[in-house]
């Protein structure tokens, strides 16, 4: 029963959490239902789509309608169960971290399967996990959160490094994946819990240079 | 005389109308001529280019220079006949609706020809018709109009559904296209005429959640 | 010793200058180190990546890690040698012009090698040189500089026209490249030195039309 594998359920929940984050930010900007749906979908599939275009693969969501259905359900939930969602903030944050972790591992494995080296897979893992959120923020004309707030992309990078360390250490494939997923989630949870951020790059408006 | 087919003329006018909308928004932002040209061109070909990249096809405007010529003419018209254009607002709106309709049908048919199923073609129809306008708005740092104003993308969706209903009903190919085109235009005209919008997704700034 | 060819060194410096411009603009927006790195990298490789996707080629930076290393060094320099950089504004401007020139020629030659005609290569030259800066500005939510300031994309266009004129005139391949590179750099330097801009497209906010 491949369609009910545990990891598929997790991936669905991750996609769902990404959609929810997009739809809620859209609602804060007074988007209509369609606009909110587009933002939610772009948040959920934007990273994997950019990865697939660069790997010269058919974008993954064009092969399986589960992703667009997931965003549809997310829109329904935001419209009709808005108040419950607010109380579930921590649950949604957890799904989002799971989504980031799974997207990272999926991105790494797909890139390696296409024959690219380690460092390209690492970048593709980050792109898969993070570009959706960047597209979301560009579409609502906000400076992408990811560039300024708690560690997010770095969690993806940490997970990727654990993936390759485990692989080099000769761990079996399944264990490698599990270790990477846990590394991403832990990094993300610890960063948010203790409000750990990367250093801000100091600069001022008059430093823009000539161009 | 394939190059003078009625549908080619309509497609040229649609591209032209899309370019005009991009160039005029750029002029409101004090862009220079080159910037206005880029915005006009991106508005006209952005949707089809994204579709073609996802379908792994060569972007359509790289095969036929008519599209870039069309934007060039649009720039010329905006620069030298600006006052006439203002009086032609309704005409331009009509061409824009025709453009949306034709782009939708072209997107659907190209996707089906690549062997993708119904629901992918429907999405590609919307992407072909709407993404150009989204790119335009992102480049001028405005929240995309399409997410907040009168029904636009939905007209594309309605046209797509009519396309498949006609096809399922066994209509001949040409009739299917004509029906879809008319459905898009009518939906768009009615929505603007009666100021019909989709419901706004309610939300407030403090609902952004954790991430 | 292909890896030490003069043009490779110039290309490295061009990439470096593009990264610097992205990282410094990011620092003016209080980005963290990771965000600044992403902006720098997107500025440096964004144009070539869009070109490669449209040409159905593997994005160039996925084949050689030199580009990502170049951005890493740029980030290091901005963090630790910020004050020296300010005094080097003119040097950085020069590298940026060299980068624009080399990227233009690389874009033109790669497009011709893929079998596309003259006018497509011209556009791809401009895309290679200019789209990185546009992506940079979109990510920091500024209206792209290129659409409003001194001649930039036009320098790329001028260089492309010199490339084809030299080619038509029967010049040897190497001379054609050198002429094009010099044309881009000269156009850019003259435009900045004498503050030459393209005409602004006149318009006002209430001209947006119906759509």
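First chain written, first letter: the chains are A, B and C, and each begins at residue 1.
One rule holds in what follows: a contact is a pair of C-beta atoms (placed from the backbone, for glycine too) under 8 Å apart; a residue touches a chain by one contact, two chains touch by 3 or more.
Since the structure is predicted, the reported quantities are computational estimates derived from the model, not experimental observations.
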{"item": "Angle, in degrees to the nearest 5, of the Cα rotation that carries subunit A onto subunit B", "value": "120"}
{"item": "Interface residue overlap between copies subunit B and subunit C, same or different (over half shared)", "value": "different"}
{"item": "Mean-CA-position distance for subunit C and subunit B (Å)", "value": "29"}
{"item": "Numbers and ranges of subunit A residues touching at least 2 other chains", "value": "53, 56, 138, 141"}
{"item": "Residues on subunit A engaged by subunit B in the complex (per definition of touch)", "value": "20-21, 23-36, 38-39, 49, 53, 56, 58-59, 62, 65, 68, 78-79, 82, 86, 89-90, 92-93, 96, 133, 138-141, 145, 152, 192"}
{"item": "Complex interface listing, subunit B residues touching subunit A", "value": "53-54, 56, 116, 119-120, 123, 134, 138, 141-144, 146-148, 153-154, 197-205, 207-211"}
